[in-house]
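In what follows, chain A forms one complex with chain B and a second complex with chain C.
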Partner chain A sequence: MFLALAEMRRAKVRFGLLIGAIALLVFLILFQQSLQNGLLTSFVGGIRNQDAPVLVYSVDGQRTVQGSVITPDLEALVRGTDGVGEVGRWSQGTFTVVTGGETRMTGGGGPGEDAVDASIIGFDTEGLGTPSDVVDGRLPTAAGEAIASDADAATGFAVGDVIRVLPGGFEIEIVGLARDVQLNASPTMYVPYDTYLDVIAAVNPDAGTPLPSVLTVRPADGVSDAEVSTAINDRSLELDALPRETAADETPGVAQVRQSFQIIFLLYALVIPCVTGLFFLIITFQKAGALTLLRAIGAPAHRLVSALMIQAALIVTAGFALGTLLYLPVSQQRLGGIPLRFETAAVVLWAGVLTVLALGSALISARRVLAIDPVEATTGTGVGR
Partner chain B sequence: MTIPSPPTAVHFDTALHLEPALHLDDVRKVYPMGDAEVVALASANLTVGSDEMVALVGPSGSGKTTLCSIAGGILSATAGRITVGGQDITGFSDKELTSFRQESVGFVFQAVNLVPFLTARENLIVVDELGRRTGAPARERADQLLEELGLADRAKNLPSQLSGGQRQRVAIGRALMNEPDLVLFDEPTSALDTELGEQVMELIRSEMKSRGTAAIVVTHDERITHFCDRSVHIIDGHLDA
Partner chain C sequence: MILALRELRRRPGRFATAGVILTLIAVLLMFLGGLLDGLIQASTGAVRAQDADVIVYSDNAQASLARSRIEPEVRETIELLSAVTEVGGLGVVQLGARVPDAGPRDLAGVALFGYELAPTGVPDTPADGEVYADEVLRADGVEAGMELLLGPARSPVTVIGFVSDTSFNGQGALWASPATWRDVLDANRPDARVSGEVFQALVVRGDAEPDDLAAMIDRITAEYHTASATRSLSVPDAVNAIPGVEEQQGTFNQIIGVTIVIALVVIALFFSLITVERAGLYGVLKALGARSSTIFAGLVAQAVVVTLIASSIAAALTIALDAALPPGSLPLAVSADRIITSVLLLLVAAVVGCSFSLRRVLRIDPASAIGSSS
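Right, the complex of A and B next:
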């Protein structure tokens, strides 16, 4: 400890720069982790955070809610499948809406109105396809009511706000907010099924009664989500039943987004040990004479290695702490429509991963230290010379 | 530069110390060179009394640093017996030699002598930090040594802030920190001018004699041998002792 701290005290700039570099990399990792999670949540949060255990798509829909259409024949097959407990209808459409007077309006609404695209999801059974975590207000119970995602509250979708759907001007009042229930990275509202049909009729009076996009299923007692999904899929090649988490993960684009971020994380995870390892290797070469002298006057090799590892641990700890401090205020912001969040689990995970990687990379320098021959003190040479 | 006189010399009675500081008995060091062998030290026999100061004189490549390194436990001999302060270190493992160097010998090297990122005081204290870690007594001893060496006001200076002579004095202080049986000086004046070199040798002699500590001063400069009790010459690995 004496040697490690003394050297760090005397070379504040050198060690400070390394701490700064690690802090910057940690900040980027954590920021990108928040961005990935925020992006995926805004894509499929509406599927992951609703309370139906199983979703049934039509195969033609390719696991997108809006592309899926369940015909009456298919619906009957699902309802008649062994192991199915409760079945609900779930429909989703994308509509142009304006927030009523809460925001500056400049788009396709009236003069000064700002039109945005929003997803409206209709459900016909409470507790089967409704948001599972209501954080403000309540679930909609009457016609013309909706619950929105808390991520959109600041953009005109707060409790009490009235949304107008264009064209037609159908009005929906927000009566509740639920955590992370966005779909397709757009403002999302859950409405009773009849309200959903009213919206369709208001927007396009000639549309007729639309078929449900997806069926929401709760298995009978004693039947697992996977078992009921398999049973449904066995009934028809046109049905594609998936447990909730699988449905979210299998939504087109999710795997690609996750894979892209994983490559970025892998690159960062390679850069940090490279930076740390090279730094310690360079300073080990630079202070080779001093290390050789210390070995010659009786310093056990393990004491010198300990000093090196203590420095590596202190630097990665300080760098991680500084990076997390930088990340904290940024994680409270929104990036475009994507809400960021402080990811505690990611912070803990990356703290462990980066500590191990940094200490591992410092072992290369430790090997050089162990290779020092004290006799080199008599010739003025040192490790690596 | 003025090097202060050491404090009141402690009279050291050699009769009380029966064991010599160093005893080399037919010590040989051979380096393999392909199929051949290079003899760096050929059957060296040398005894250094417990408070004796010996100049080891020889030209470059004569084997004087090799002998010094073997005596100090930095290098293992190919054959022979080495006893330092009554301790037979001949068969010591690397770990045992490290402990031996830490506790029983002091070194002042020709080239790199101080840790550049430690202050003068810390360069002395590090000896304790690497070993027994006595703490306060070591700090007091470091302060006392620096005082004796006229470096009390330079205790917080880094080596880069010290002159060549001051650096050598700090190195001497470090070599004395562990109260060694034997101090090995490898060309201690080679980087100094004649006047400063003589002052440093005077200091070395007075410090060794005041403590009754034995020393070997490796040099190729005959002009400084008169500071030692006797001179031993070495040429091509052969000792004339």
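Right, the complex of A and C next:
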């Protein structure tokens, strides 16, 4: 212990550089973990965190809510499927809205108002396609009311705020906030279905009556989500019924985001043991003479190995702590429309993984230390020569 | 310098671990860069391809084609401007396309464009019912002469040729006449229907600088059409205004920047340790007349060679990864430009990282080195 610490004190720059490198790697890994989770939540949180167990798309929609259109004959097929308990309508569109209004107003945008893209979801049945975790206020019940995602409260979508949809100036008042219900990485509002139709009519006077994008389904008692999905899909090749979690995971782009980040994480995770291993290998080579001498005067091999492993553990701990400190303020930020979070589980997981990898790589140097023959002190040879 | 390169040749194993780490970092850089390029290409191709000075959206559309609507009278006003030489309408609808011989649930995602002024690489407007397809759709089995059925209404269009790099929002583009676009939109997206001669955007060519032209257009439409004012953007600005493009570029570039710093620290660490190890040898070289600059140049040469070898291996690995990925699985676009940029960045990191050892080389005293040797 004394040897390990004394050496680190005397070679501050050398050990400092290694700690800095590990800290940067840890920071990048944790930041990207937050980015991945934030990206996925803001993409499909609105699907994952609503209360309909099954979503039915049209095959043409390719598992995107906005691309899907359920025609009346398809809707009739779903309603007539065995095992279907309750059916609701769900429609979604992306609109330009202005925030910044605290009271209802008429006319054009005023000072302090910001135009942003927002997703508006219309639902016709409470408890079937509505946010499952309301954290403030309530679900919308009257025309012109909405519940928004808590992630957007600070950007003009808090309870009491009035949002105007452009063009047309249709006004929506936020009456509640729900946890993680964004869709398409944009501010998201859930409104009663009639309000959704009013928004469409106000924005595009040429528009016909929109058909529902998706049907929300609750299975009958005793029927599982998977069973009802299969039963619905068997009714028509035009229907694509999916349990809620599958619908979120199968949304286009989600698998690609996951795969991309997995490759990135793998590469970063490989770099850390390589850097640590390289460092201790070179250090061991450099100290070959001293280590051989220490062995010759009676220092047991396990003490030298312990010193090495203590150094590796201290460096990884310091690097991880520094990296986490760098990550902490960044994890409180928003990246465009994506809110980042401090991912405690990821911090714990990566602490374990990186410690094991770094100590494992230091074991290569430990093997060399164990292989030192004290007799070599008298012959001038030593480890690595 | 010769000594340094000879050492590399005779004892390559000494540099192997640093080479492996740099190879991994180089693969990371090229992969991250390739992902960024792939994402941007797939989102912006159709807008980048516009052979125009300015793209005109409605003011409240946030530069989104799907939400923009330009009325015929607004177009007439723009056409009256003396700096405007040509104006063409543009519209898009994103749908699923049924490809012959594909499974009944296996649809290709397409963005059908109706256009009046041909984008770069796209021929003049085809006859109604015919389309030019982006070549990315070949991965979905699309071939020339094939009839695709678009959307839930199964609107038929016939592919008469292919164009390249015109994807939009990650979907392959189909380029059609305005009438075809209007019919398909009307049949499949009643909530997005547009009437008469309405387009989603206008593509404008003119005599003035793009920014000046955009300002002129926005000024005149604001003056004469208060309720239908426009937001005009040059093509590069329109590309950046596509939702997510700037955010993606900013985030990826920051990650790439920090990865470069890591490469720099790794190189600095490796060569500072090498320098410490060889302090005695360098002392002897200095005593024999070698200058500090010569010794440092040798270190830099080693760093550059190791980085070049690592980068070459990384480039081969990245190209192999790109080839091994099934089409459409990851938006990875590996290009020579991206590889060269990554190598140059790594070389800069190598030289800067090496410079951390310069102080140590300068501090080596030949006399004490000879003393310790003896």
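Just so we're on the same page, the second predicted complex is superposed on the first by the 368 of 385 C-alpha atoms of A that agree within 3 Å, B and C clash if a C-alpha of one lies under 4 Å from a C-alpha of the other, contacts with A are read in each partner's own complex, and residues count from 1 in each chain.
In this section, a contact is a pair of C-beta atoms (placed from the backbone, for glycine too) under 8 Å apart; a residue touches a chain by one contact, two chains touch by 3 or more.
No experiment lies behind these values; they were computed from the predicted model shown.
For the composite obtained by superposing both complexes on chain A, the positions of chain B and chain C are free of clash and fit together. By the document's definition of touching, neither partner reaches A:144: not chain B, not chain C. Within the superposed three-chain model, A:83 lies out of touch with both chain B and chain C [touch as defined at top]. In the superposed model, A:7 makes contact with chain B only, not with chain C. When the shared chain is aligned, chain C comes close enough to touch A:32, but chain B does not.
When both complexes are overlaid on chain A, the residue A:127 reaches neither chain B nor chain C. Residue contacts after overlaying the shared chain place A:298 against chain B, while chain C stays out of touching range.
Of the two partner chains placed by superposition, only chain C is touched by A:69; chain B is not. In the overlay built on the shared chain, the residue A:375 is in contact with chain B alone; chain C does not reach it.
When the shared chain is aligned, chain C comes close enough to touch A:208, but chain B does not.
Taking chain A as the reference chain, the count of touched residues is higher for C when chain B and chain C are set side by side.
Put simply, the nearest alpha carbons of chain B and chain C end up 9 Å apart when the two models share chain A. Touched by chain B in one complex and by chain C in the other is not one residue of chain A. Note for the complex: chain B touches chain A at residues 65, 68-69, 74-75, 95, 98-103, 107, 109-118, 122, 125-127, 129-131, 158, 174, 178, 186.
On the chain C side of its complex with chain A, the touching residues are 17-18, 20-21, 24-25, 27-28, 31-32, 35, 58, 60-62, 64, 66-67, 69, 94-96, 104-105, 107, 109, 151-152, 170, 188-195, 198, 227, 243-244, 246-247, 251, 255, 258-259, 261-262, 265-266, 268-270, 272-274, 276-277, 329-331, 356.
Chain A contributes residues 13-14, 17-18, 20-21, 24-25, 27-28, 31-32, 35, 58-62, 67, 69, 71, 93-96, 115-117, 166-167, 185-186, 200, 203-204, 206-211, 237-238, 240, 252-253, 256, 259-260, 263-264, 267-268, 270-271, 274-275, 277-279, 281-283, 285-286, 335-338 to its touches with chain C in the complex. Those residues of chain A lying in contact with chain B across their complex are 2-3, 6-7, 10-11, 287, 289-290, 292-301, 303, 374-375, 377-380, 382.
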